[in-house]
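Order as written gives the chain letters A, B and C; numbering starts at 1 within each chain.
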C-alpha cells in the first residue's frame, strides 16, 4: 500500500539519503584507511618467521573478509528486492557487485603474491584461495547476467535470483573446498591457522578492515546515486535536479 | 491438477521422441569429450584410472549444460509457456514435471552409456558402482539447479555461454563430493558420507528449486 | 442487426468484470503509460488503439497477469488478480502474438494438451466439430510444422469454441494471417461471446467489422 501511495518517492529518498551521507563516509573512510595502512605497513612489528612479507595481511585479510561480506550484503539486497519488490534494492545490489568483485580480485592477487615467498610459487590450490576464486566467478556471473538484459528492471530481478542461489551455495562451496583440500594435500600449511595474533598486529589489522569497509561503503554510496540517476533519467525529479545543476 | 501434470509429462516425452536427433547431440558430445582425454594425456591405464572419475563428471556437467537450453526454449518462443502460466495449474509443479521429463530423456541416456566410459577410462568395478550412485543422485541436482539459470536467461537471445558461466561455479561442490566418492571406492573405503551429502543437496534443491524456477519464468515474461 | 441489450440491465453486469486502476507500466526504463484506468463489464467490447510502441501489447499482458505493473492493480470481479490468480485464469482466454501451438505436434495433440491445461474436457466429437468449423478436418493429424501460417492460427483459434467457461477474452491482434473467411468466423464468435455476457479487450490493426458498440482506449506514444 505504501508503495502504491508513494511511487516515485522511494528512489528519490534513497538518492537524497545517499547525498547527505556521502561526505561523512568519504572523510571517515579516508582517515581510517590511511591510519590502518600506515600503521600496518610501516609501524607494526615484523613477523619473526616471515619478516616483512607478512605485512600483506593488512591488505589480504580485510579484502578477503569483505569480499564475502559484500556478497552477503548483495544477496540481502536482492532478497529485499524480490520479496518486497523494492526497485532501489536491486539498484543497491548491482551497485555493490563490481566493488565486491574488485575486492575479491585484490584478495586473490595478494594471496597469490603472498604465496610466492611462502610456498615458492604464485599459485597453490589452497582452500581459501580456491574459495576466493569461485567467489570471483559467482560475482562475475551476477554482473554479466545483469549486463545481458536490456530491460534493467528485469535484469535486477534475474541477477537477484542468481545472487541468492550463490549465497545459498557459498557455505557449501566453502565447506566442500576445505574438505577437498585436506583430502588431497594431507597436513599442508594453511596461512592463518593461529588465531592468536599479537595485539600490536591485531589492532592495525582491525583498523584496516574497518577502513576498507568504509572505503567500499563510500564508493557504494556514490555508485548507488549514479545508478539511481541513470535508471530514473526520465522521472520529473531527476529532470529538475539536472536543470538546477545546469543553472549553477 | 494431476490430469494436467500428466498431460505435460506425456507431451514432453512425445516431443523428446520426435526431436530425438537433437537429444543425441549431448550424448555424442559426452562420449567425444571423454575419448579426448586418453588421447591428450596418454593411454597409461593407471593415470586414466586416477583422472577417470573427475573426467567423467566434468564431461557429464558440460554435456548436461548443452542440452539444458531445450528445457523451456521452445515453449518460451512459441507461447506455450505463457499459456501454461495462464492456466490454473501451479507453476512450481509444472516445472518440476518438466524438469523430471527432461532428466529422463536427456540425462538418463548418459547414465546408460556410463559403463562404456568406465571401460574407456579403466575404472574398477567398485569405482563404477560408486560412479553410478553419484550420477543417479547428482544429475537430478544438475537439472534442478540448471533449470533456474535456464529460466533466468530465457529472454536473452544468446544465453548459451552465459548459462555455463552462471552454473559451473555453482556445481563445484557436487563435482568435489562425487569424485571423492569414486576415489574412496577405488581405495575400498566406504563412501556413504559423500552420497549422503549429495542426497542432502538434492533434497534441498528439490524443495526450493521449483519455486526459484517458477519465479525465473515469471521474470522472463516481462 | 438488432442486438439483445439484456445484459446491460442485468444486475450482474453492473459490476465490472475486469478493471484496471491507475496502471503504470514501463519497459526498459521507459514509461509506456501511467495512471490508466479502464473497466469492462459483461457484454463490453473494448478496443485498444495506438501507434506502434505505445504499449498496447504490454497493457494486454498486464491485464492477463503475465506481467506485473509498476504501479496500480488489475481486478477481476473486484478481486485482485494477483491474489486470486487461479480464479481469474479459469475465466480468462488470452490470445497473444505467440500462438502457444507446438510445431512438432499435430493439431489434435496440441488441442488435447491445451484443454487439459485449462481444465476443459471436451468430448472427441466436440473437437472434431470445431475443427470442421475452422476448415481443419483432414489436417488434424498433420504436424503443425507442415501447416500454413493461417492454418496454424486456426488451430489456436479452436480454443475460442472449446473453453466456453471463459468470460474475459484478451486478444492481441487476433486477425493476423487469417483469410476473409477466418476473419468472418472469428468476428461472429466474438459477437456471440459478447451476447452471452462475456467481455473482450482487444487490439487490432484491422477495423473491426462488426455491428456492435465498442469502447475505445487510445494510447499515445511517449518518449
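Structural remarks
We take it that contacts are C-beta pairs under 8 Å (C-beta built on N, C-alpha and C of every residue); 3 or more make two chains touch, one makes a residue touch a chain.
Because the structure is a prediction, the values reported are computed rather than measured.
Of the two chain pairs considered here, A-B and A-C, the higher C-beta contact count falls to A-B.
Comparing each chain's Cα centroid with the centroid of every protein Cα atom identifies chain B as the most central.
Relative to the C-alpha centre of chain A, the farthest chain centre belongs to C. Separating the CA-averaged centres of chain B and chain C is a span of 38 Å.
Separating the CA-averaged centres of chain A and chain B is a span of 32 Å. Taking the mean of the C-alpha atoms as each chain's centre, chain A and chain C sit 48 Å apart. Of all residues in chain C, those that touch two or more other chains are 27.
Across the assembly, chain B contributes residues 222 that each touch 2 or more other chains.
The set of chain A residues touching two or more other chains comprises 151, 153.
Contacts from chain B toward chain A in the complex involve residues 145, 148-149, 152-153, 155-156, 159, 162, 165-166, 168-170, 172-173, 176-177, 180, 201, 208, 212, 215-216, 219, 222. Residues 24, 26-31, 70-73 of chain C are the ones that touch chain A when the two sit in their complex.
Note for the complex: chain A touches chain C at residues 3-4, 7, 150-153, 231-234. Against chain B, in their complex, chain C makes its touches with residues 27, 61, 64-67, 86, 89-90, 92, 94, 96-105, 109, 112-114, 116-119.
If you check the complex, the residues on chain A that touch chain B are 82, 134, 137-138, 140-141, 144-145, 148-149, 151, 153-154, 157-158, 161-162, 164-166, 168-169, 172-173, 175-177, 179-180, 183.
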